[in-house]
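What follows is a pair of complexes built around subunit A, which joins subunit B in one and subunit C in the other.
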Partner chain A sequence: MKSPAADPAGAADTSGAPAAPLLSVRDLSVTFHAHAEVRAVNGISYDLGAGEHVGLVGESGSGKSAGALALVRLVPDYAEIEGQVMLDGVDLARLTERELRDVRGRRVGIVYQDPFSSLNPVLTIEKQLTEVVRRHSRVRAGKARAEAARLLESVGVPNAAERISDYPHQYSGGMRQRAVIAMAVSPRPALLIADEPTTALDVTVQAQILELLQDLTSEHGTTMLLITHDLAVVAGITRRVMVMYAGRIVEASSTEDVFTRPAHPYTVALHRSLPRIDERRERLMTIEGQPPDPSRPIAGCPFAPRCSARIDRCTMEDPPLMTVPTARRAAAEGWDRRMIREQDGGALFPGPAAPQLTACWNPPPPAEGSPDE
Partner chain B sequence: MRWFILRRLSLMPFVLLGMTFITFVVSQLIPIDPAAAYLGGRGAVHTDEAEQNILNALNARWGWDRPILERYWIYLTNLTKGDLGEASNTLRPVTTDLAKVVPPTIELVLAAMLAALAIGIPLGVFAASRKGRFWDEGFKVVSTLAISVPVFWLAIVGFTIFYGRLGWAAGPGQLDIFTRAPPAVTRMVVLDSIIARRWDALWDALHHLAYPALLLGTVIGFYFARVVRSEMVEALESDYVRTARGKGLKRSLVLYRHGLRNAIIPMITLSGLAFGSLLTSVIVIEHVVGWPGLGEYAFRAATRLDLNGIAGVVMVISLAYVMVNLAVDLLYTVADPRVREGMGT
Partner chain C sequence: MSEGPAAAPPLLEVEDLRVWFPAGRGPAVKRRRFIKAVDGVSFTVHRGETLGLVGESGCGKTTTARAVLKLLDPTEGRILFDGVDLSAIPRRELRRMRRRMQPIFQDPFASLNPKRTVEAVVAEPLVIHRQGSAAERRARVSELLATVGLPPDAATRYPHAFSGGQRQRIAIARAMALRPDLIVADEPVSALDVSIRAQILNLLGDLQEEFGLTYVIIAHDLALVRQVTDRVAVMYLGGIVELRPTEELYRRPRHPYTVALLSSAPIPDTAAEQARRRIVLEGDVPSPADPPSGCRFHTRCWLRQKLGNPEVCATDPPPLTPIGESGTAGAAACHFPHEVAGSSELQETLQALTGASGGAKGCREVPVEEPEISD
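Right, the complex of A and B next:
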């Protein structure tokens, strides 16, 4: 683990990682103005390096999908988006709807959660594939159709040349998701948002779809933000993981750290709720209580009411993201936010070069056998 | 697909047979003396022996004194020969009358349906794409008014304004009395004018068609628009529309190819249902604007207690219903690939 004081924002540790991140999100908030005002995403910030594969993990309602789709404003009308979304130096949040249309699909591809509802039931797969090819590459209809067939074959739909004229209901779930992936990667986007791409699929198909995503993104150096509620999904695919809870990023670490020495009690609890084959447990552990009501403001850490490691400060002050050593000392020595910032060296955002970060006043001790600091 | 059509067609004769039975029995249940009605009376007490003789002769001539099932049998056997009896209100065969009055009504109904679709679909899409905003709220108010106001009232008031005051609408009938009618081929004046290349008559015919067709089309169009709006609102919130937007597609493509293409499917059923209310409205409108069609004929037959005429009208309307329903089912298979699949070829 890097020493945080000597490594402000990871500036010295960028070997291999590009100088400027592909995507820079700052203070992104999404508020749904429905019957009640619901703050689904609460000021999250992070960077994604070019070609990086990053997991965004959280349970349903944690704001992970809303936060990701809000990057290209693909949210309902009644959602209000605040913050900055820099993609290659352009702030997507400031683009008009018309300008954003050139970003959607072309620069940012999206794979959705439910392949059964995300394809148009009355249009053939060919039509739905061809329209995205034509939208972003301005080729003739005949050439676009040939390209669509090639794409469908490249995502592993068997008999693609024939099956391309089928309607979505004639496809299995896995094939539909392959078609959705073909649409998403067709214009070679710089960023691929995969929003729970395997949740609606059979277990046997899940691995194939993940492998396909992995292959396609690695092949073209595409950055991938893989959203999932399932820690196991990110295990083999992403280098980094951000854990979301109640609209906030509560932990950001390398995938290895998240599994071997989680730095937030919520991550620890998530691990305990995973079934394991090497430990015989009578029943799975669940996390006591419910996530907080997002329509009400929360004092202190949003996980505090369910947290077994809760200390007094947790219910009074919402912890910022900090490095683990800083977090330990901040609680013990009563540091305020300014001192925490100084200790960690300026603003710290989860990014390619950032160390393990946690938003907890009392982070869990490292698991036995793994060195800390 | 072909089996589906064949199956539907093979059921048609049975549907038609049941239909004739119901229309015949219902028309016979009207509590009047057909012989007296034929003479223009209402079945008052007849003391005059000469009059009684005439009635008896009429009853013998038309078989009105025989049991109802026997009369139904006679009616059916005549029907197979294309004979629907004689209309007492015109003293001509009902079939001759129908051949004359059905085409103008078809012309009016088709024009009104086209107008309703042309008004209803874009209006519904427009309102849905501005859901909850000024124009959408305005649409809700106006459409509620349009479908609540009785058509007969609207037809009269509208005619008074647009024909009587403003002079925009053409007068009663299908053509101006000074316009020489084109030779009757289809008996739809618009078509006949085109066939005869009589452009003056075509213009005049369209002018006369405009008011009743637009009035009916507007009323039913608002009804369509409300359904299109609610279907569109649902479609626009769907995942596949989000996918379409996520591809960066233009707004018009998202609205029409992805949204409307799905929202339109329930419209097929609705058009079939609306056809029914269109026919009832047509009877009223034809009377208001003096359109020489089925509605006007039905009105005359009903007020003159012309049983054969009424039965003929009901038969035509029922037949139209059966055909429209068949068309609705067929259109469904065209519009929704999932239904096509379920047909099992």
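Right, the complex of A and C next:
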């Protein structure tokens, strides 16, 4: 065990930051040693405060899932994890497989995209829920069954008392995901990782599942890391968002900032390229080219080849996460990209006054037109 | 949009289409049961127009598209392409008609033969329909590759060498090979990365403009549908519940199911998302083997509950009825369109959709008009 004070990054004692974060990730990298060496996650650092809801947004291959699942070492054998993952003062990277198995489920719950993959098709929902209950608390079978029924009801499965004896295939997609969520929240984990929890679901069901996740995590003060490729999904239920591109966090801000004054050209381009339900656009802006091949080393910023704001420095030097001045300050002093400054240790701090961070040498000026509050 | 080409005969007419799949035998009575995947769907598509088919999984949108392409035989109903009933013509003639309608599928990783070069893949429709000499075909392929924005040397490579977006370009080139009039695209970008989607959507738009193409686009993403279509058919459980010009649908929806869909769709705007209240549909979509009597949607309809469960919804299937007097505002299949128009649920849904405003978005269009409530 290590105490947070021994954290070499020393990030937790920066002034203004509240109590030590629940989760503190430093320089996390994940490398797949397959045919080629693929660096899926490239030295990311962030903190999650207790009870925070944070979105992790990126395209496929951006490293968002690998980065999150690597927290509890849920990666294939040929993947190598480097860096430090402190959960409540415990470095998960140093735990043995046996100790980690206890962390998974009990301390860190996971909800995957496809609920079918998390359910055993030949066991009833009751059997599977009861198993989860008994694994995490030593109660007798009868009591565990009662708890399983209560859980299923709490996640909004209609006629739970009856439907609990069904098999997974008898459930609709939305109900299966509800059952999986019941299993994940049953041991009251401190951290819930939701990896594209609604991508396989229809739009009316998606809204319900997001609401359920929101309600359950708020009720128990659970920290939630919501992984998605869909920016719109994080708008309603997270307070902060981290945007990943090519294995790096390229922007980290309050959710509001990410939507109203994005500070990384990639985030800006994503916004302009997405069709919007609330208006029809003349023409969608395209992001030319495609994400870089992760098996090849990149000189400079990984987004530079596709970036319209590229300057010479971008192709030579990989930008770290840097603090962007507030819109008000930028407006008062005149926006100048020299106003961005490097973060200590590149870490993100939980709390309402989260700074806006960008990994860009030439970020877009903040708050075009709209003055800061 | 919809008025211009209305004078010319439609390119595609679908009349009372039914596609039922046998589903074994019923338990008690020895009677065949059917999954009524598509159950009485009618619509027309005019030349140069884009029609969107939207709905949740299982609503029958893909089955409708497959029937239109004659990839499966309808159980009942007629499909007229350029005035010709496709089920009433001999095979050879059908083959000729088929050149003029081409599909684009969702997954470009599954739809391209990995063992054939891009040239062979794109030329395949030309070979099947015996078009041109080998040299002519080769020339046509390089022309097509240029049209869809692929480099000339793509011809000699294999599909695996290309990314998802480029593969979808190859699939589009193949669909364009026979100079079709109609393209039916089933979820053409949902398998692609977010940053690639706009490229493909813009390409489809450019091709339509250049070649006067007509599109039927199937999608579940309501934002995408608003962006790329002229008219939209909303499907639920095998039937069309609302068929409207696109902007009408998003500004003045008249079916409770459409309102529920719009109310569920996430908006990329923090303030709008946090302020909105969603309509929650109770329960699951009923089985298409045994659809509800009357209005298909009545078992989950929020408006029906609000109105005290009127009997008519459970007994009489509401026909698609024109909205307004002009005849250009489309149609909805609901017994209570005025009540939809006057509901607070609709007002709230539209408010969330139009109240959204963020620094990151482009210029916005004229704000929504107050719906007319006649009574």
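Note that in this section the second predicted complex is superposed on the first by the 313 of 373 C-alpha atoms of A that agree within 3 Å, B and C clash if a C-alpha of one lies under 4 Å from a C-alpha of the other, contacts with A are read in each partner's own complex, and residues count from 1 in each chain.
Convention: a contact is a pair of C-beta atoms (placed from the backbone, for glycine too) under 8 Å apart; a residue touches a chain by one contact, two chains touch by 3 or more.
Predicted, not measured: the structure shown is a model, and the values here were computed from it.
Asks: Overlaying on subunit A: subunit B and subunit C, fit or clash?
Replies: In the arrangement built by aligning on subunit A, the partners subunit C and subunit B fit side by side.
Asks: Which of the two partners, first being subunit B and second being subunit C, lies in contact with A:Gln290: first, second, both, or neither?
Replies: Once the two structures are laid over each other on A, A:Gln290 reaches subunit C alone.
Asks: May I ask you to decide whether A:Asp318 touches subunit B, subunit C, both, or neither, giving the answer as first, second, both or neither?
Replies: So A:Asp318 meets neither subunit B nor subunit C here.
Asks: A:Asp88 contacts which: subunit B (first), subunit C (second), both, neither?
Replies: In the superposition, A:Asp88 touches no partner, neither subunit B nor subunit C.
Asks: So, does A:Tyr167 touch the first partner subunit B, the second partner subunit C, both, or neither?
Replies: Once the two structures are laid over each other on A, A:Tyr167 reaches subunit B alone.
Asks: Between subunit B (first) and subunit C (second), which, if any, makes contact with A:Glu80: first, second, both or neither?
Replies: A:Glu80 sits against neither subunit B nor subunit C.
Asks: In the overlaid three-chain picture, which partner chain does A:Leu119 touch, first (subunit B) or second (subunit C), both, or neither?
Replies: First partner only, subunit B.
Asks: Looking at subunit A, does subunit C or subunit B touch more of its residues?
Replies: Counted on subunit A, the partner with more touching residues turns out to be C.
Asks: Regarding the shared-chain residue A:Glu147, is it in contact with subunit B (first), subunit C (second), both, or neither?
Replies: Touch partners of A:Glu147: none, neither subunit B nor subunit C.
Asks: So after superposition, what is the minimum Cα distance from subunit B to subunit C, given in Å?
Replies: Nearest C-alpha pair, subunit B versus subunit C: 6 Å apart.
Asks: So which positions on subunit A get touched by both subunit B and subunit C?
Replies: none
Asks: State the interface residues of subunit A toward subunit C in the complex, per the touch definition above.
Replies: Touching subunit C: residues 59-61, 158, 172-175, 202-208, 210-211, 229-233, 235-237, 255-256, 259-262, 268-288, 290-291, 306, 367-370 of subunit A.
Asks: Quick one: in the complex, what on subunit B touches subunit A?
Replies: Within the complex, subunit B contacts subunit A at residues 131, 237-240, 242-250, 253, 257-258, 261-262, 265, 335-338, 341.
Asks: Inside the complex, what are the residues of subunit C that reach subunit A?
Replies: 56-57, 163, 165, 193-199, 201-202, 205, 220-224, 226-228, 246-247, 250, 260-274, 276, 278, 280-285, 353-354, 356, 358-362, 364-365
Asks: With touch defined as at the start, can you tell me which subunit A residues reach subunit B in the complex?
Replies: So the residues of subunit A touching subunit B come out as 72, 74, 76-77, 101-106, 110, 112, 114, 117-124, 131-132, 135-136, 167, 169-170, 180, 183.
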